[in-house]
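Multiple structures follow.
Here subunit A shows up in two complexes: once beside subunit B, once beside subunit C.
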Partner chain A sequence: MKITIEQVALLSALSHVQSVVERRNTIPILSNVLMSAEGDKLALTATDLDMAIDESVTADVGQAGATTVQAHLLFDIVRKLPDGSQVELKLAGDASRLVLKAGRSTFSLPCLPREDFPVMGEDELPCKFSIGAPELRRLIDKSKFAISTEETRYYLNGIYLHDAESGGVAMLRAVATDGHRLAQVETPLPDGAAGMPGVIIPRKAVNEVRRLIEGREDEIAASLSDTRIRFDLGEAVLTSKLIDGTFPDYSRVIPEGNDKELDVGCGEFKAAVDRVSTISTEKSRAIKLGIGAGRLELSATSPDSGTASEEIPVGYGGETMEIGFNSKYLLDITGQIDGETARFSLADAVSPAIITDPEDESALFVLMPMRV
Partner chain B sequence: MPIRRLPEGTINRIAAGEVVERPASVIKELVENAIDAGAKSIDIEMSGGGRDFISVTDDGRGMARDDLLLAIERHATSKLVGDDLLNIATLGFRGEALPSIAAISRLTIASRPHDADDAWSLHVTAGKVKDPEPTAFGKGTRVEVRDLFFATPARLKFLKTDRTETSQAADAVKHLAMSRPDIGFSFTDSGRPVFRYGAEEDLLEDGSLKRLSAVMGRQFSENAISVAVKKDGISLRGYAGLPTFNRGNAQAQYLFVNGRPVRDRLLAGAVRGAYQDFLARNRHPVLALFLDAPAERVDVNVHPAKTEVRFREAGLVRALIVTGLRDALAKAGHRASSSVADAALHAFRPGGGAYSNHGQRFNSGLAEAAAAFQSPFDHLAPGARDTVNTDGVVGETQTGGALADNFPLGAAIGQLHETFVVAQTADGIVIVDQHAAHERLVYERVKKALAHDGVATQGLLIPEVVELGEDGAARLMARVEEFAGLGLVMESFGPGAVIVREVPALLGDTDIQGLVRDLADEMAEYDSALSLKDRLDDVCSTMACHGSVRAGRRLTQTEMNALLREMEVTPHAGQCNHGRPTYIELKLPEIERLFGRR
Partner chain C sequence: MAAKKSEPAFESVPPRENPAFEGHAAAEAELAENLHSARPAHAWLITGPKGIGKATLAFRAARSILAKGATTAQSPAHLLAQAPGLFGDALAETTRPFDMDLEETTFRLVATGAHGGLITLEREESDRGGLKRDISVGQVRRLIPFFGSTAAGGAWRVAIIDSADELNRNAANALLKSLEEPPTNALILLVSSAPGRLLPTIRSRCRILKLRPMEDDVLAPLLADRLPDWPSADRLALAQLAENSPGRALGLADEGGLNLYREMVGLLDQAALDVPGLHSLGDRLARRNNEGAYRVLTGLLLQWLERLIRSGASQIALVESVPGETALRTRFLAAQSLDDWVQVWEKSARLVADAESVNLDRKQVIINLFASIHRAAFV
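This part shows the complex of A and B:
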């Protein structure tokens, strides 16, 4: 194998694939990126056995061939090469070293044979649809924060993507929850997605997809079965296994008949929560909302740091009530509201609250109160 | 095969299997009999690990000829008043020990009642009784057991080495001796005296502590604090070791209920709970506690060997132990283990290295303390002397003098290696580990806040169902309110499962399944909610650790004095969260002794 490639192109491709590679591995080959040159393309593949990213870049292929080298090492080297330089990659005689030359630098990197590189099986992915990158970004951004990090409830460690009906319209819906709060975002169901299996996309794959679609405006081709999902972005393809578990019946935890409606100015509310919570203890971050006609008092108490309170005008006509929340959760959720107003629908101090943007019905958040 | 009634001999041998497990159980039963007979002095002899020969001689009230014959009948006893099994004031009551022992050995009983002139002896060989014969014997009773288990060879094979059996037997006697300082005990093995405890005259506090210290070692009495609480007719007294005087296992925890040595998970759990703040999980306190409850409120008829008891009000007993110990420890918050200072002194002495093992034997923390203590002075070569932070000492000598006299922890003199604060007190010096001490102060503050405000709970949007099995679920449900107080709100969810509705907000996104399972296991083992408290305390101590002054931070004179003053008013400031001392105090006479001035 012998190729010449522009540093910028190689760096961009490497930056996409290397983040899949874990920093520490028990199987050495998993630290490596597979590079195969053929025609006028260099294909890079990285995997952690659960997901894989393939990316192709144009290169001047002198001699076709393939090998694997340590992904993070190669990425760090290419990152430090001068911009715009030409990188020459050449497999040394007995295929045990990859010699990288750029400008006056020469690196000789140990290789592992490409035959050892694990390949994700090519499954049939019967359900295919395409979705606009901005729409996909929105689905991910507004639900990702609620993904659980607790490994024992593995079925909550991802975003549940499925088709659902909302007001008689077929929707593609993304749901995530960690058992304390829940986010539900939807977008009109793309063609071809009808009857798709409900799938749980693991957090790592969610993060990788999100990185790949940053700043893009085009359509992304998605295809999935009940065990795998693939996002095809043209030059890069991400394939991931799905979480093998049953997502809980979340519709049961979204309360109906929360009749007390509180409208707060989103920016003002966020800033007030942020300020008042400075006082609340580091770990529990409790903040109390005292709600009365036309006004909301946020307060926090800590034996060490004293007390804080702030009153803001709100739209509320119901009876007075007090309810406690984790201030971080409040900030997370209100941070996802794009409009000027956030609407809290409440029942009582111990029942879940629904938070929505009155101008955007496609996103809904549920938050369980704290008892303080 | 048709069903038949077993012969008497077989029945006795089966009963013996429960009561007489090993030579130690024979000795325990016989000594208990002697105690119940009102003896003032009990002599125990054994040889061959108890296999060959055991003899227990007492000066109790003795038995007449006819009583001797009855005594070896099964279920014959003088100890039960009427038929009331609820009101048991003696150690024994089942009437099983003697016949059981008689069934499996060659037994000789010689006895003379106090008011009689003639003594009688009785021989039984594997349950076969000979007629009593007149014999010469002083007042009291002697029971001799020869060739134990010769009638049940299978049991003989399961005995351990002579040495093990002997030490088990000695332990059993020590246990009983601890609860009865008024009785003298002597124990002889193959003619060699193992121990002798004289009867203590003073039956108040003092005698009891003397006996305990004779049994558990002098160090115990030096490091023990007295516990005495009483509530609703149940009283707890005894001595609890300081947290800095700890062991690697729970062997040195002696618990007695109405004078009866017990190994009981409820009591052990309560002890763990009481020491939870002060000791790392793998360290155990040393203590001897005597719980006295009216006989009708304790059921001792649970186990043939009577090592387990049941309480009618288990919750009350647990609370009594926990609060009793906590109060006692709170009062002793400023007494670190005397052995800590001892070890430090040993480390100072020329050739002190030879002594350091001495410290390690009973407290691994000591070696560290000694080393930490020693190191600054090792390095105190002339060139290194500038590492002593003597900020403002000169200016404050006057006020320092006043501080030294007025406060127990004295006036800060300086800081060594930016880690240890040295203070002068009225009659000695105090060396404080600044990080350990401050960590403890912050920890106490965090905990106080938690106790004051209650644990904030986070409701679960998706309640977690935990399958536990019926026993586990029932155990958790029985204490559901206590858990709710700690922020874990659960409800029963069908047989064998619980549903968790709220969790302590401090724990964040936590493994609820694991937590609840751990709790259920602990309820089974210790009958208390240790792991929930543990996890909350873990969070508190992490917060405390992050919020406290580290080693390596230079403190000004004012800061050091402030630290000392706060330590004086904070309970439990004498040890860190893991049972290590936060400071040690060296008295002037001890220091003078180091220099040969005394």
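This part shows the complex of A and C:
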């Protein structure tokens, strides 16, 4: 293998793939990035066995070939090379070393054979559709905070992506929950996604996709089967395993008939919750909402830190009630509401609340109350 | 993958990289038949003496099912009927159901530990060097996300626990969850040389596969192949000491076990305790880099006592690994009752175990062991 490539191009590709590689790895080959040169492309692949990122960049290929080198090491080297320099990569005679030359610097890096590198099934995935990057970003951002971190309920450790019907319209819906809160976001179902299998995308893959689509405006090609999902972003392709489990029937926990509607100014409410919650204990983070006509009193009590309360004007015409919530969850959810108003639909002090943006029906959050 | 350093190197090639597998044809066939049947067992407990090839068999089974799946692998006869031209040649050599070419992707990935469909739980390296004492609950909990995500490549997910004897109590309890509710297309292979000590709840959830000591006529050529420079009498003695376990035999050969055994029998066979000889042995084994030899010797000494007691109880004369051994045994058995020898054995075994857990001085342990045996035999 012998190639010449621009430092900027190599750095950008490496920065995408190297993030999949775990810093501490007991299996040497998994610390490596697979580099294969063919035609006028250099393809880079990194994997942690749960997902893989492939990226190809244009390079001047003198001699085709493939090898694997330590990903973080290579990334650190390329990062420190002067901008705009030409990097020459050459596999030494016995294929045990990769020699990197740029300007006056020369590095010789140990290699492992490409045959030892695990390649994730390159099979075609049957269900294909394309989705705008901003839409995908919205689906992920508004649901990912609710993903559970509890490993015993592994089937909650991801975003459940499936097709659903909402008011007679077919939608692509993303749902995440950790048992205390639930986020449901939807977007019109893209062509080709009808009849897709419902899949649970693991958190790590969610984060990785989100990172890759940051700031992009173009269409992303997604494809999936019941065991794999792939996002094709042009030069970079991410393939991930899925969570093999049944996502619970979340529709049962979304309450119907919550008749008390409370409209709060989102910014004002967030700031007040943030202030009052300073008092609540680190462990429970409980905060009490005392709701009366036209006003809302937020309060917190802690045996160690004292008490706090704050009153804000709200739109509410129902009977007076008190309800407690985890303040962090309140902040997480109201942080996902883009409009100026957040609408709480409540039933009573022990039933879950629905939180929505009155101007945006495509996102809905459910929050369990706390006893305070 | 790191070799198990703190123990004598029973396997010169780690099981995950070992393409060779001799003997145990019936056991392998039983496992293969079940794995490739319509309803394979989800968990197998492979038992047998140390060094016999339990883990090697587990990795062979894992590779086979990861590469071919459960149902696609058909009996050779079936393949022959389908495509005689294609498989006619291969059949002449391929007789073992789990055989796989070294260069096949699955073999290479399993050998490097990079196969996404396989997870191996074994003792990790500790920060102080060497291996940790046991397999922790944290390691076992990795099975939950592993079995909770879709399989890599093929449809199967395989977990190998090498060995189940090293699971600590919490880890064993944590394993029950996965053993009880395995997802479809999951296979758990447990390796154990002391299945009686496992939790009964673990044993009862696994199908048990017993590997027996290897037949002489299988072991002899294997040892001849690995130890070509050894005289055949020595190879035979080695096989006897290792109780026909090839891994143990090679481990003993690695640590000079046969010479240690001869020295040990020589020291036992002294009417007056050979104090200088004992000190010289103790000094050698107490050296920093000689931990393997120390373990071999204490193991051999306990084994010798065990055999002494067993031959006394059953009246069956044992084969001599060292000339004069039978006479020595007869004398020892005449000197004390069997009960007393059992006590000596018990005391010695406890001393060896204590020495391990509280890091007793190795030289002193050796001297104490020999002294207490000598006291029983000659005083």
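Following the convention adopted for this analysis, the second predicted complex is superposed on the first by the 370 of 372 C-alpha atoms of A that agree within 3 Å, B and C clash if a C-alpha of one lies under 4 Å from a C-alpha of the other, contacts with A are read in each partner's own complex, and residues count from 1 in each chain.
Throughout what follows, contacts are C-beta pairs under 8 Å (C-beta built on N, C-alpha and C of every residue); 3 or more make two chains touch, one makes a residue touch a chain.
Predicted model only: the values in this text are computed from it and were never measured.
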Q. After the match on subunit A, would you call subunit B and subunit C a fit or a clash?
A. fit
Q: Considering only the touch criterion stated at the top, classify A:R230 as touching first (subunit B), second (subunit C), both, or neither.
A: neither
Q: Could you read off the angle at the CA centre of subunit A, spanning the centres of subunit B and subunit C, to the nearest 10°?
A: 50
Q. Of the partners subunit B and subunit C, which touch A:K270 in the superposed model: first, second, both, neither?
A. neither
Q.
Looking at A:R138 after the superposition, I want to know if it touches subunit B, subunit C, both of them or none. Which is it: first, second, both, neither?
A. neither
Q) Who does A:E115 touch here: subunit B (first), subunit C (second), both, or neither? A) second
(Q) Touch test for A:K90: subunit B only (first), subunit C only (second), both, or neither? (A) neither
Q.
Output check: A:H16 vs subunit B and subunit C. Expected answer is one of first, second, both, neither. What do you get?
A. neither
Q.
Just to be sure I read the superposition right, which of the two partners does A:T152 touch: subunit B = first, subunit C = second, or both, or neither?
A. both
(Q) Quick check for you: in the superposed arrangement, does A:G179 touch first (subunit B), second (subunit C), both or neither? (A) first
Q: Return first, second, both or neither, reflecting whether A:V253 touches subunit B, subunit C, both chains, or no partner chain.
A: first
Q.
Which chain, subunit B or subunit C, ends up touching more residues of subunit A in the combined arrangement?
A. B
**Q.** Overlay on chain A, subunit C to subunit B nearest C-alpha distance, Å
**A.** 9
Q. Residue overlap on subunit A between the subunit B contact set and the subunit C contact set?
A. 151-152
Q: Report the residues of subunit C in contact with subunit A in the complex, numbered from low to high.
A: 103, 105, 108-109, 111-116, 124, 141, 144-145, 147-153, 155, 183
Q) For subunit A, which residues are in contact with subunit C within the complex? A) 26-30, 49-50, 112, 115-118, 120-121, 151-152, 154-155, 157, 202, 226-228, 241-245
(Q) Quick check on the complex: what are the subunit A residues that touch subunit B? (A) 148-153, 177-182, 248, 250, 253, 281-286, 301-304, 324, 326, 350, 352, 366-372
Q) Given the complex with subunit A, which residues does subunit B contribute to the contact? A) 445, 448-449, 452-453, 456-462, 464, 502, 505-506, 508-514, 539, 543
